[in-house]
Amino acid sequence: MNEIKPIKLKQDIKVTELVEQMKNAGFGARKIGIASDIAKKMFSEKNCTVFMGLAGAMVPAGMKQIIIDLIDNKNIDILVTTGANLTHDLIEALGDKHYQCNTWNDEELHQKGYDRIYNVLMKNEVYEKLENFFEQNWEQLNKSKNIKELIETIGNLLPENSNSVLKTCSKNKIPIYCPALTDSGIGLMIWGRIASGKKISIDAFEDMKEIIDTAWTSEKKGIIYIGGGTPKNFIQQSLQFSSGANYGIQITTDSAEGGGSSGAPLEEGKSWGKLKTNAEFVDVKCDATIALPLIFST
Amino acid sequence: MNEIKPIKLKQDIKVTELVEQMKNAGFGARKIGIASDIAKKMFSEKNCTVFMGLAGAMVPAGMKQIIIDLIDNKNIDILVTTGANLTHDLIEALGDKHYQCNTWNDEELHQKGYDRIYNVLMKNEVYEKLENFFEQNWEQLNKSKNIKELIETIGNLLPENSNSVLKTCSKNKIPIYCPALTDSGIGLMIWGRIASGKKISIDAFEDMKEIIDTAWTSEKKGIIYIGGGTPKNFIQQSLQFSSGANYGIQITTDSAEGGGSSGAPLEEGKSWGKLKTNAEFVDVKCDATIALPLIFST
Amino acid sequence: MNEIKPIKLKQDIKVTELVEQMKNAGFGARKIGIASDIAKKMFSEKNCTVFMGLAGAMVPAGMKQIIIDLIDNKNIDILVTTGANLTHDLIEALGDKHYQCNTWNDEELHQKGYDRIYNVLMKNEVYEKLENFFEQNWEQLNKSKNIKELIETIGNLLPENSNSVLKTCSKNKIPIYCPALTDSGIGLMIWGRIASGKKISIDAFEDMKEIIDTAWTSEKKGIIYIGGGTPKNFIQQSLQFSSGANYGIQITTDSAEGGGSSGAPLEEGKSWGKLKTNAEFVDVKCDATIALPLIFST
Amino acid sequence: MNEIKPIKLKQDIKVTELVEQMKNAGFGARKIGIASDIAKKMFSEKNCTVFMGLAGAMVPAGMKQIIIDLIDNKNIDILVTTGANLTHDLIEALGDKHYQCNTWNDEELHQKGYDRIYNVLMKNEVYEKLENFFEQNWEQLNKSKNIKELIETIGNLLPENSNSVLKTCSKNKIPIYCPALTDSGIGLMIWGRIASGKKISIDAFEDMKEIIDTAWTSEKKGIIYIGGGTPKNFIQQSLQFSSGANYGIQITTDSAEGGGSSGAPLEEGKSWGKLKTNAEFVDVKCDATIALPLIFST
């Protein structure tokens, strides 16, 4: 049985040193340490396919570079995310920004043309550049036959030096799945084109085949869930009837007792066969904007 | 300024009497009371279109009859839900059950063939009846061109006396939207048919047109969000650039501070124009299985 | 294995009927049902001493009548609570009120002389009547030798028809323990007298002897924790090295992962010997103002 | 309006560099950055008295060294904590340890003599050394007239090189207040002596005078609340009717909606006059074992 060792902060302590110490502390700190270890394992095993489910407005909150670097470093093999994250990533790729706010009055923000995401703001006028992007590139975009292709095409269309999740995935040939793309700004843009009489035919089910194939044929599987929702559920779904995940990290503040998928501890996946009986896994109950930089520092 | 009046329980007190009293108590109790009032208002206004976003495994948790009755009573005009809820509803419609468990060992459950959803179990063998249903009815199902039609067809195929959300919506001509149907058992069934060479062509974006049209053309709008996720986000999305919702009820245990859409207070929607400046709304922070029967009792 | 049975609301359904149905639903609803059953058991067993730990501002939130009725019905044998609850109870007993607010500006409230407790307000001027009460009754109050006696004396001093927890306990000879009375308005009043040169000598440890004796000599023990904090911890402490509690109900929204006593599931008490191995118990994760009227309806 | 800047992890990034970057991110990350800045301000202002309220089992979780270093660096002027933290600190000072566990069976732990605090264990036999300590030092301990003195005496009795909060405070003449000392192992030890006929007379209210004097006479006040409970409430209480705190940091995972003091945002204190209208403050919703090392790194 290992002793708890008090965390000792020293001048100029590195994040990796702190996380190393956290492994020997208690409560959430230890889970950060364990998650860091599990991440290293799943990233270093050559035959381990890593699925990341990314929900929550991580791009507006300044987490995109961490995701970009994980992809550039070939740590993530499959990204499943929300339409919101992709939309905000595209907005930044097109030159717009997100802004800080620490107090707010939503009626006033509305009048001034700002949309609020907790303590982050976006100008409502970003939709103009989005509109232009979809209008100008429609002939290429409308050739996509499924959501993955559509997203990949968006990535391909962005300038080579675009510092975005979309571009980085397209460069690295990492597939992005987004089962509920329709509930996002990108969805709205597609709808806008359709409403104006343009044609596009995106099959709703086609992406399933590929991700299930990947899940069923990968020798080992690692899962990283940031924030639950559809991205987690889509990956979990793919793992059902597979041999189950070998490694798992979940970062969420949702609680188990409500019974929703987002808050369900990874352990629950064992009953479904989505997680291997002998898997190494950890549930980190923490704001992802705090946990991510700790877990993925090296 | 209204006084707090202590809640007085009396022998045989009715739920409606308790909820009436809750309006004059504090903390979450008052919010239950306020939500009940707002529900009555949005249900009674003839020109108010009511959108319900239903996430969380509400059917396995025994909440389906409350939803069914709301629909049968013409209180809900649009239902947006998760593939999980529809799958569990279909499973029950096909004759299978969900079960109670108060303690659990997930490895053992896996061996015994049970899938766990917090303190609710489902036999893994339910997938057989699901398979049969999709196999036998494929010729009718594969004619659907969008997700709404596919779901409606499933509802139509169920026996007339089927006590299910799917059947009740199909009988009452209430559209069910499910943007992320792919991350569910129903999605898996479709995928299974496709994997075996069968054809179906479901457009991913088509449903957007209809729900956005409804949101933009309805004189008044009421929103009821149970549990956040894609259902909430899809409705919120439709309301953007509309005149905004007039009434709102949100029931969730997710917290605002994490920045995700599920925990975002309704107030935040004002900045986006999704909620009217003068809307009547309330955020109920409560397990939906406890809040629903209180709010919707009459 | 018991089936989940969907909750069916009918016209004029009674709270007890709803709670009975909740037992066969899932997630938090079932826990409400289980808690109601456990409460009935611990209340009906003659040789079972029931300890209630009451934290959170339950009196300002309109929950006092439920507590009063439980005491009047001889359901609670020992009450441990916070100084805040006793202070607010005394404030109401002296004729002041609490008020509802649904939106707030704390700076404005401060200027207008209102103190806020989430969505409940109290006039700051209540301290005047409190001052008078302590000033006028000092000769009787200062004879108390421990906190329990001091609280009992306050109860005795209140008019016979006073509808308060303090009076009801004093009438029913139910001891109220309040280990941290100093962090409350009543504490401030005592301090005020001492600061003006008056004398009182309240022993900090004396109450421990009595509650530990009760815990150690009671044949059976039932525990009801509303909101954690010092009240829970003081009872848990008393149970350590006893034979352990036979019945337990915990109502809190705090989570286990933070490691604090308030959010610790009752199960954890088994390792300490505070809860019997074969105890019947349930953790209800719910706003207490919603859970209390459901669990304690009869 | 400041832009959100994505956090960029680089090889060997220091904790202080990460926290600096967090200030320009969103959600909880930004709050960590803000808290770090506010801490620096309140620590560097010469005429600012810093009150720390420390709840939650921070010592068992390996956080004691961070507290010790803050005290040794003269950053904290007043410490208010729980009996549990002091008991666990004393247990370690007497040579015992806490242990890590990642899965548990509470019945088994009970049989093996381990007490569980979420994912931290303590041997039940630690009470023997505690007993000895109180038995052997009773003649010095029983001279204390109030809780502060009793705690200070314990600190004085520990060996000079004892790496403990108790010793560090006694060396640095930092007062420790613990209004609810009775609900802890130390309380049990005192009770044990009293039960065996020994005498001690600790006044319950005496400490109030001193902390209120400090709060009322300090030119500026900074408050740091870790985990709510009685420690927070005791400090808040002292600030009422003072000029209010100038700086505030709160770290908790409790939520505001339940209405309890622990989850109440600092802002609420403005209505009571406990927080200055123009105070600089931040509420960090995070597991304290993760937030503390980030906020207090230098």
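By written order: A, B, C and D. Residues from 1 in each chain.
Quick note on the criterion: a residue touches a chain if its C-beta (ideal position, glycine included) is under 8 Å from a C-beta of that chain, and two chains touch if they have at least 3 such contacts.
Computed from a prediction, not measured in an experiment: that's the story for all the values here.
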### Task
Have a look at A-D, B-D or A-B and name the one that copies the A-C interface, over half of its contact pairs being the same.
B-D
### Message
For the identical-sequence pair chain A and chain D, what's the CA-based rotation angle in degrees, nearest 5?
### Response
180
#### Entry: Far-end chain from chain D, centres as C-alpha averages
B
### Message
Distance between chain B and chain C based on Cα centroids, please, to the nearest Å.
### Response
36
### Query
Quick one: chain C and chain D, Cα centre-to-centre, how many Å?
25
### Message
Residues touching two or more other chains, restricted to chain D: which are they?
### Response
26-28, 57, 60-61, 117-120, 253, 255, 257-259, 285, 287-289
### Query
Quick one: in the complex, what on chain B touches chain D?
26-28, 255, 257-259, 285
### Query
Can you list the residues on chain B that touch chain C in the complex?
1-9, 11-16, 18, 21-22, 24-30, 32, 34, 57, 60-66, 69, 97-102, 117-121, 253, 285-294, 296-298
### Contacting residues of chain D [partner chain C, same complex]
55-57, 60-61, 82, 84, 104, 106-107, 109-110, 114-120, 124, 147, 179-184, 187-188, 190-191, 194-195, 200-209, 212, 227-230, 233-234, 236-237, 240, 253-262, 264, 267-273, 277, 287-289
